[in-house]
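Each structure below appears as structure tokens.
Shared between the two complexes below is chain A, which has chain B as its partner in the first and chain C in the second.
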Partner chain A sequence: MPATATPAERVELKSGPPPAAPAGSGGRNWSTRRIERTIKYESDRNVGFGRDVMRVPGCEQLENCIQCGTCSGVCPLSIYMDHSPRQVMALTRADFRDEVLRSHTIWLCASCYACTVECPQQIRITDIMYELKQRAIDAGIYPRRFPIPVLAHEFTHMVRKHGRITELVLVIRLFLKTDWFAALGNWRLGLDLTRTGRFSLLTERIRRHGDIARMLDAVDQPKHPSP
Partner chain B sequence: MKFAYFPGCSLKGLGRAYEESLLPVMRHLGLELEELDDWNCCGATAYMAVDEAKACVLAARNLALAERSGRDQLLAPCAACYLVLNKTKHYFHDYPAMKATIDRALAAVDLAYAGDTAVRHPLDVLVNDVGLDAIRQKVVRPLRGLKVATYYGCQLVRPYATFDDPYNPVTMDRLVEALGATVVRYPLKTKCCGGSLTGTVPEAGIRMVYILLNEARKRGADCLATVCPLCQFNLDAYHAQVRSEYGDVIVPTVYFTQLMGLAFGLPEKQLGLHRAAVPLRWRPPVPEVAHA
Partner chain C sequence: MVSLKPEIRIGFYVCHCGHNIASMVDCADVAAYVGQLPGVVLARDYKYMCSDPGQELIQKDIAEFGLNRVVVASCSPLLHEHTFRAAVAAGGLNPFLFHMVNIREHASWVHTDRAAATAKAKVLARAAIRRAALARELPQRQIPINPGVLVVGGGIAGIHAALTLAEAGKHVWLIEREASIGGHMAKFDKTFPTLDCAACILTPKMSAVGAHPNITLWSHSDVVQVDGYVGNYTVKVRRRPRYVNEELCTGCQECIGNCIYKEPKFPDEFNEGLGKRKPIHIPFPQATPQVVLIDPQVCLNFKRGVLTDRCKKTCVEACGDRKAIDFTQKEETKEIQVGAIIVATGFKPFDVRRVPQYGYGTYPNVYTALEVERLVNASGPTAGEIVLRDGRRPSAIAIIHCVGSRDKKTNRWCSRVCCMYSMKLAHLLKEHSGAELYNFYIDIRAPGKGYEEFYDKLNEEGVHFIRGRVGEVTDWAMIPEEEGKLVIRVEDTLAGVVRRIPVDMVVLATGLEPHADAQAVRRLFNMSCGTEGFFLERHPKLAPVSTFTDGVYIAGCCQGPRDIPDTVAQAGAAAAEALALIDRGHILQEPNTAHVLADCSGCKSCLPLCPYTAIGFDEATHQAVINEALCKGCGTCVAACPSGSIGQHLFEDDEVFSEIEGLLTADPEPTPALAATP
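Here is the complex of A and B:
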């Protein structure tokens, strides 16, 4: 099996409700193609969503977006996104909640902060992406089997329980939850890491690991019930 | 100089070679690092994506522990930890509601954070506190002839850059030059390595790794030097995947601390160079022994 048989091939990046179909995308499969409205209606809005996001620490400046597109231009992942970062900013501000939360963009964002330092309006785009990820997870509307939310979930679970991350255990759990078959494609990587002593199966754990759960519970935000 | 030291999960696992080389290098320069007692995971990018307040609370516990240890400076070598700890400190000062949440959560475990601990990266400390002159004096095997592409990645210089420029950082360039090596022009020095996307969305992640490696090769670099365990991992461990997608692009990636160790003539076993999937084979020329 070639080493390329990675989870990617089974992650349908283009699935989900399609954004505007690219013009001139050919006449193939006309019989099966779904015809969809590509213009948004006023009634698609969730009025108040934008305001709500802008109330979160770090997200206040969104109001001042001038739609210049600088963020989309510098984003190293925008070529894979269904909506560019600029579009996500516009959609969020204009209350198109479902469109934004179902977008793959928020899961492709690697939190590299390139957009944030370049934005002429000092909009903390990365932090807004974080906020949108949180809301998508809360609402349970992320693309099925998209491994990033699963990774985030496994990660937080492990931190809560042990206080630290043991990378190998995290990776194994991720593959079990998403696509164990893909793990086979990565056997070489695992072998390399074990050979060079970089993977350990011993669970890292802090002494006062109970403190972590106690602190997290004390945060006690009604918006985010503890996992 | 004494520092509280926050290794973070990666430096105990995938990034072991970073810690292995960092500790002897710092000791060699007379810096004392005291590992923070019972530190916990900083939360990294994954926790921020689930719950911002909780992510900050996790990081704040470490800041509070550092304060309690009596050290006013916390050294965080992992770029992701460095960012999260700094971000938490910023949020603590900028948002009263966040401060209240952090205070409440810490109080639940009998901790408190006053907001003073400085979060520092070793690169910053080495160049700005120790100084390049002091470093030059320790060089016994100059890295003459080694061409290095300095790669900072994203999270060290963005968005809370304090000691370097977010567009064109140069701290590591100056450090590597002080070791006797040549820095090649590498315009992608702050481009994102893909983070965890190499594992979760490989068609995007592997391509980003390929772009970085290929640019280094085109610029004639013998190796890439990094400041972050995730960057090192991505650039080092995915060579096989890059090969099958794009053809062979073999460039080793080392931690800047490993280069320092080589130049200081520290025993190679201490530097963890063997831990890389694509290890750096180059060694500095042995200096001619002054004849007796």
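Here is the complex of A and C:
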């Protein structure tokens, strides 16, 4: 992996006015607030990353992004994101691969497709988010106990193995791999779901479930079309 | 074999066109190859054949080497055929003994392999040499031009073009679809960036049109048919009935006051439906012509447009002895003869219902820009007070830019005027209401004289500019301050945060698009449309008001979105082009007419095919006869004649066939076609 981040030159502020740092970063105590250099150097770029993403079928229209912000304006989850969808598009196009793949925007995307519907340049933003998620998983860049990639991973793992998922097992595995304390807080919901038959206690599988694994393997090769 | 008599002496010139041709075609090699072809006396390559020295070179060679054919391999004949014909004529040859080969568009520009492009240029040149050897001297006929001009569309473009031509002493027919001229500009309150009152600067021009002896103004009329050709167009105009005699109406408007409807009841088109009018009405106070009209769809004396005579006709009583109201008026079609046509049919504002996320039609306080123009206007439905549809007065107003512009789902082009008129409306709304103004934009486009300064002024006035295309307009409140408001959800892309901004009024800056019937109009005048549907100019830079049909010019927003200064400039340019055509007094006709050969069998197949009714039949000789004054050289009869008995000047069979042979022959040996008597 190339240059992971700028060699963060950290400055400890002893006193003085609040520095111009992104809101939310750093604590309320100004005296210990870290100031980081936010400048990007050409060496921080992963030259070709943007082009490579735009070569994936469905992602080509990214070339035409005019940075109007419609995607962020319609996104129901943009209010929680560290980088707005528009910024993710700009960072991708500018080849800042690490910044993009580390952003939790790609994981917050709920795939509602509002951005794709409204984009005046007809950029398939949701599809690009999927592509970025895929690349983040391939590169192993995502928060370890972040539930969304864990769920995605467990889900596909289970489908590959049994042909379908067993909700109870999936949920238990999800909690174990992310935050098993949270499972305790949700015990009542789990009980209700089991009582109403929503949670099967037996592993569900399809007949000839080996075929589906072979099918998925075939789809998976090659993962990314090389240029 | 017949000897060459008179001897064919061809001069061949290949143009470098700077690097345009020379970079991809070896011009010296082409000249050397052509130089050894039979009949070619000399072959030269030169940097710019179209330059004065280039033309003089041809003339000098004609005299010195006794050339009797000239072939130039250069650019498109559309661009320079007339230049070289004139040069050849100045050198003492008949201009039709010149032939042009296009090795720029057909070879250098479209190829990337220099050797192959050079080989292709040689083949094209060889074909032209063979054809040129058979060229005949032809006379060029002059056709007189009708000095009248038709101007279609009475907006500011049509008005300006008509007045310019009328001042120059030409007779102008100005045809307007609506009941009054003035177009969209008449609806505007002020004009950017000077904040001139639109009516104050437009209405003097409108009344000048109405009063000018050289202008025949037909409003409430449509052009239905155009026949003829440059200099001699025959135009049919349908005059729709207004049920009021234009000659007798004095514009006193007593009929309106006495209409059986005591109160205005029907949506007023001029005020964008914000105000009301009666069935008998005048579009707006300064309407030109000052003639009332009756809307048969709502007048009680009609039922769905059909005369019933059931009303008490209080309007007729009020009109009294003037007897201007005539319920029996019928549609009439008039025919006029003109030499040139200026099409200035304008634009249509984008239909904002196509972007439902902005809530037009759902939330009453969402307005289009044109509605706001009327709202801030002193003669508008609220006399310039900013009173919303629900009776409230706004304390915060949002203006959303690029509605129906820069959007591939609707119209992908930038409408060019919306940034500026949005700023103008922001200024006016702030002035009239004292509200907080928010502009939501993608990019501010202010490229005009005084435009950037106007943007500065707005910033100084405290108008907010937020860079971000609005996601949605909603009345769904998430915090108490948003209750009862319209909320704009947008990313402030410069601050990098998503914002919710509650406002009382939303203005949609609608883009400009071609009229719904632009395609029909295009066909009527034999013009082309670009992909967007705006009329296509002949050349985007050098012929911006001409079309591909000679004698038809375009001006204003029918060619593409533009502001008033550009429209007026373009209208002036179109008028000048029309004048240049008309004042020449005649046009030179291309001698490409068809002619009947001696072996016509008299089958009459060609007679009904001719689109110009140029073919007659001589009963005495039992042969077809072509009137060369009417023939436009379309070639339909030539192709259709079953016995091949119709020829066409400039395109004789032997010329065309020898050119094809030249293209297809592998070896550069002389062929019988070249050696045959021309």
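Throughout what follows, the second predicted complex is superposed on the first by the 191 of 227 C-alpha atoms of A that agree within 3 Å, B and C clash if a C-alpha of one lies under 4 Å from a C-alpha of the other, contacts with A are read in each partner's own complex, and residues count from 1 in each chain.
Simple rule for what comes next: contacts are C-beta pairs under 8 Å (C-beta built on N, C-alpha and C of every residue); 3 or more make two chains touch, one makes a residue touch a chain.
Just so we're clear, the structure is a prediction, and the values are computed from it rather than from any experiment.
On the superposed chain A, the positions of chain B and chain C stay apart, so the two partners fit side by side. Looking at the shared chain after the overlay, A:Thr38 reaches neither chain B nor chain C.
Here chain B and chain C are compared by how many residues of chain A each touches, and B touches more. Looking at the shared chain after the overlay, A:Ser84 reaches chain C, while chain B stays out of its contact range.
Within the superposed three-chain model, A:Glu131 lies in touch with chain B and out of touch with chain C [touch as defined at top].
Using the contact criterion defined above for the overlaid structures, shared-chain residue A:Arg208 touches chain B, although it does not reach chain C.
With both structures placed on the common chain, the touch criterion links A:Pro120 to chain C but leaves chain B unconnected.
Once both complexes are placed on a shared chain A, the shortest Cα to Cα gap between chain B and chain C comes to 7 Å. In the superposition on the C-alpha atoms of chain A, no part of chain A is touched by chain B in one complex and by chain C in the other.
Chain C meets chain A in the complex at residues 357, 402, 406-409, 442-443, 467-472, 489-493, 496-498. Those residues of chain A that touch chain C in the complex are listed here as 66-75, 78-79, 84, 86-87, 118, 120-122.
Interface residues of chain B, counted against chain A in their complex, comprise 9-10, 12-17, 38-41, 43-54, 57-58, 61, 91, 94-95, 97-98, 101, 104-109, 154-155, 158-159, 161, 166-167, 190-192, 194-197, 199-204, 206, 208, 237-238, 240-241, 243-245, 274-277. Here chain A touches chain B in the complex through residues 2-4, 6-8, 11, 13, 56-58, 76-77, 80, 107-108, 110-114, 116-117, 124, 126-127, 130-131, 133-134, 137, 146-149, 151-153, 155-156, 159, 163-168, 171, 174, 188-189, 192-193, 196-200, 204, 206-208, 211-212, 214-219, 221, 224, going by the rule given at the top.
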